[in-house]
Amino acid sequence: MNKINGLIAAPFTPMDSRGEVVFEKIPDYVRLLENNKVVGAFVNGSTGEGVSLSQKEKMQITEEWVKAASEKKELKIINLIGGTSYKECIENAKHSEECGADAIAMLAPYYFKPGSGGQLAEFCAKVAEAVPTVPFYFYHIPVLSGCFVSMYDFLQEASGMIPNLAGIKYTHEDFMDFLTCIHFADGKYDMLWGRDENLLSALVLGARGGVGSTFNYAAPLYYQLIDAFDNGDLEKARKLQQQSIDMIRLLGKYGGIATGKAYMRYIGFECGEFRLPVKNMSNEAYKQFEKDVEALQIQELFSTL
Amino acid sequence: MNKINGLIAAPFTPMDSRGEVVFEKIPDYVRLLENNKVVGAFVNGSTGEGVSLSQKEKMQITEEWVKAASEKKELKIINLIGGTSYKECIENAKHSEECGADAIAMLAPYYFKPGSGGQLAEFCAKVAEAVPTVPFYFYHIPVLSGCFVSMYDFLQEASGMIPNLAGIKYTHEDFMDFLTCIHFADGKYDMLWGRDENLLSALVLGARGGVGSTFNYAAPLYYQLIDAFDNGDLEKARKLQQQSIDMIRLLGKYGGIATGKAYMRYIGFECGEFRLPVKNMSNEAYKQFEKDVEALQIQELFSTL
Amino acid sequence: MNKINGLIAAPFTPMDSRGEVVFEKIPDYVRLLENNKVVGAFVNGSTGEGVSLSQKEKMQITEEWVKAASEKKELKIINLIGGTSYKECIENAKHSEECGADAIAMLAPYYFKPGSGGQLAEFCAKVAEAVPTVPFYFYHIPVLSGCFVSMYDFLQEASGMIPNLAGIKYTHEDFMDFLTCIHFADGKYDMLWGRDENLLSALVLGARGGVGSTFNYAAPLYYQLIDAFDNGDLEKARKLQQQSIDMIRLLGKYGGIATGKAYMRYIGFECGEFRLPVKNMSNEAYKQFEKDVEALQIQELFSTL
Amino acid sequence: MNKINGLIAAPFTPMDSRGEVVFEKIPDYVRLLENNKVVGAFVNGSTGEGVSLSQKEKMQITEEWVKAASEKKELKIINLIGGTSYKECIENAKHSEECGADAIAMLAPYYFKPGSGGQLAEFCAKVAEAVPTVPFYFYHIPVLSGCFVSMYDFLQEASGMIPNLAGIKYTHEDFMDFLTCIHFADGKYDMLWGRDENLLSALVLGARGGVGSTFNYAAPLYYQLIDAFDNGDLEKARKLQQQSIDMIRLLGKYGGIATGKAYMRYIGFECGEFRLPVKNMSNEAYKQFEKDVEALQIQELFSTL
């Protein structure tokens, strides 16, 4: 698989009022992303509540995304397969392969945390070797997984152990480590930046693709940012990055990840609520949130249906 | 269910050389525990590698333990049901009920971490209410789960929301919080101490039961410790606690949780290795470990087959 | 110096409304402690705001405590000398010796944090050897110092390097480490417990002395607790420990360490406010605090003037 | 004071073999920095071991730097004044003013850590108002100070309370916070980047000045990096940033901050060792270090005497 150039959204999982997955919404979701030039979907990830779903639900979600995306073949599907149990990860990896996902991704085990690059690579290799022709991404998000092994340490071990290693979704603010991974093995690995709020600081290091949750509803903002950067208009790029930050700061104000689904409602693509244990926004809070979003004056930077 | 008085082991999951579960060893395991007066088994827990097993494996393990234990009815089975997905926890909880486990236990979700007692209680309630007649324990182990909500905060919310709440397996060194939970609601809840290395400091606060991994192989040590404490022989109790500490310190020296299975081999009950990502001891390291164990001179305090 | 048996208060530093030290109050403070059978004062510690004082102020405080205490010779003075700069620690250590303090104590350096027992011991030795006949205590409080080296690791190195090492003020909840230090070198070192809220769990391990801030205003509570424990009346000991916890929980509710000076005002020994950066209680908050203290119904357990 | 454009070194404190400060080396140090176009010196900082010096030593160091720098008036002197005690910070601030330092800087109190922007600002204001005409920088380095308050939260409070607030030395990898501070109050504050290993990611956000320890010995590397960035030659800028990273990675390999003085020895400007508690490199380790530095093949990027 070639490196990915552009924005990859980490989709929310649409739920109904009882907290059940609304699989039928997925084709529309694919169109929403395609309409806004998003080039990939990282499904069953943190934003997609992978850890809150059952194995069966995750599999059906993958199927639906792959099926809906394959109509136009414009959207690559990367499927997050877990996890803490390599048994279930392998089950999931094989299913991903069967239904035709473009790539799989794997988290560091987030209960028993590996303490070295070698241990982490060994765990990943156990799964990757079960689907040797499927591109394999590692998903680095220490703030949630609790595994703080550096990706440079990981690559030094994994490059020899995992032939189908494609790259890393890098959701952590260690730019020293990130740049070293970009340069590793003559730039062999696809380093996807995972912190939307400082994409600009990754672009300058050579990142060309990003995976994020705010690309679900504000893809135009980031494509304008990338264009401005590519054209050397740094003033504009910084202003857009600040607008992205102001937008993201509302996530903190309204309690975290669940605010993402409020943004989806705001742009008109209802995804329901997050499952427990994630805390959702009350209706009153949503009204205040809506006012705060209006005040940002970034309407033209949101994705359009 | 009455409060539990005595030692509850958190069993290892016996594995063969390919890392597959050896279910047939479970009846012998039950006998090992019963022979050493252990009163309960906390299965599929941290020690049992619950997070490294598939849902299906966990269910079969529960079945085998319940079946083997019910012959003599001396060993209570508490089944750890997860987890991060309440869907899978409920599935597991219902299966526990069907096959006759004495109680279930649940971890704090360890990916999206609840930030308050109320959020944590809400998550637990969602599962507990699916099996309203099964005693429900919360398993507090923040060092692994990453959820540092105090149990006093949890009980204040959970006591009203979870009628079948039985108690807490408390694996954390906050004795202020622990004593407050012992006294909560006139001592209604069963507070099981989960740090073998300082059981004595919990006994003095009124703890009567403990759940631990070292009770698998050194139950006599702890029963002597409890007896000494009950008889007011604090010199002896302290000496035994120090012997427990010296034994536990070898876990640190040899790399952590996997050392527990080395102790099992030492007493003659082979359980194989831990699954990845847990790091196992090499054969050379085992030889050195064996010498270190001999040097402790605590042979008569180990469990006997 | 013999081991210390009983309660050692960590005194507050009396301040006036401009935040200046009121040295003249120290003789009365000595009497307050003596009247309540407190056997030592750990001056210039965390409670005493040592880090917020100038070197000159600390020296004068030491002088006043030593002078006032020496009238009756009932109260031992342990002086916390720092710190991050061994130069200033040595200056302070020599001054302590000159004015006749009974012992000195030293914190782990809390900016550049030692990463091993050896490094920590070397730093302490550099200071201790400047006053070779003065008993030297190490003050272990990782939650504030950020140095999490275990005291067993420290003792293994320090015992050979610091001939005047007397013991450790242990303000951390690692009872495994604490018990090992009690047993170290046949019980040579004076292990002073520093967490008032779980003194009972330390007594059962053999602790005979404690250093704490709540001993300033609630010494009777803890002496009754120790008596109950010594007499085997564990029900009573637990109840008293719970009362101590309820009292200490108000520190959390009202914002932390500054609440200690509110308790001093409550018993009638005004010490003013803490210096910045510690946040003090407003007058309205104090009124609410007073009600909360009344509601604890532990009036007879407070120290009396 | 105008914003600073260019590299500000955080000088090491030259020591002799007994660990005493060699004040006489400071004029040569000034010349070393000037020769390599360094525009400022941030003295008594982390690199300068401010916390390991006595108040008197710090004052003399300030005097020597100001005196030596004022000959050519090319090097601005920013003096780090502390600290945990505002009394001693004020003493130091007034002394800085008297001897003619261009600006002062202050750390967050690193024992009692402020928990909000308001508390931190109040503490800083107490010191800043004692020298109302001296430009005041806040030094943000949470990994050492333990104060993780965001600088955006700090500026919102401090901007109204500290008229002489000039800016922030920002040594932390929160680029979202950093960009927001750059944009705060129409770009009023001087935001000096403090992580040499990712200077490029800060330049793209608009940073124009940096404070760092590696500018002591590798200023040419960073000036070439800045030039490449300004000229739009990002390939070259990334390569230079990678060379900086490779150089900095040796600090980790050889045990941390003390490795900086080894680099100084390497370029021929001997500064002795760090004081305890910092661990120094053995002579054997230095020989290996020298080989590792040679292997980097970046000789022409080091500062020249």
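Each chain carries a letter (A, B, C and D) given by its place in the written order, and its residues are counted from 1.
To be clear about the criterion, contacts are C-beta pairs under 8 Å (C-beta built on N, C-alpha and C of every residue); 3 or more make two chains touch, one makes a residue touch a chain.
Protein names from UniProt, one per chain: A, B, C, D = Dihydrodipicolinate synthetase.
Keep in mind it's a predicted model, so treat the numbers as computed, not measured.
S.K.: What's the minimum number of touch steps needed to get from subunit A to subunit C?
M.R.: Minimum step count, subunit A to subunit C: 2.
S.K.: Farthest from subunit D by Cα centre, which chain is it? Let me know.
M.R.: Measuring from the centre of subunit D, the most distant chain centre belongs to B.
S.K.: What is the distance, in whole Å, between the centres of subunit A and subunit D, each centre taken as the mean of its C-alpha atoms?
M.R.: The separation of the two C-alpha centroids amounts to 36 Å.
S.K.: From the C-alpha centre of subunit B to that of subunit D, how far is it in Å?
M.R.: So the centroids are 50 Å from each other.
S.K.: Give the residues of subunit A touching no fewer than two other chains, as numbers and ranges.
M.R.: Touching at least two other chains: none.
S.K.: When you draw the chains as points and link the ones that touch, which shape shows up: line, ring, star, complete, or other?
M.R.: ring
S.K.: Quick one: which bits of subunit C touch subunit B in the complex? Just the residue numbers, please.
M.R.: Subunit C residues touching subunit B: 173-176, 179-180, 182-183, 197-198, 200-206, 229, 232, 234, 237-238, 241-242, 245, 248.
S.K.: Quick one: which bits of subunit A touch subunit B in the complex? Just the residue numbers, please.
M.R.: For this pair, the touching residues of subunit A are 46, 51-55, 57, 84-88, 91, 109-115, 119-120, 122-123, 126, 144-146, 257, 275-279.
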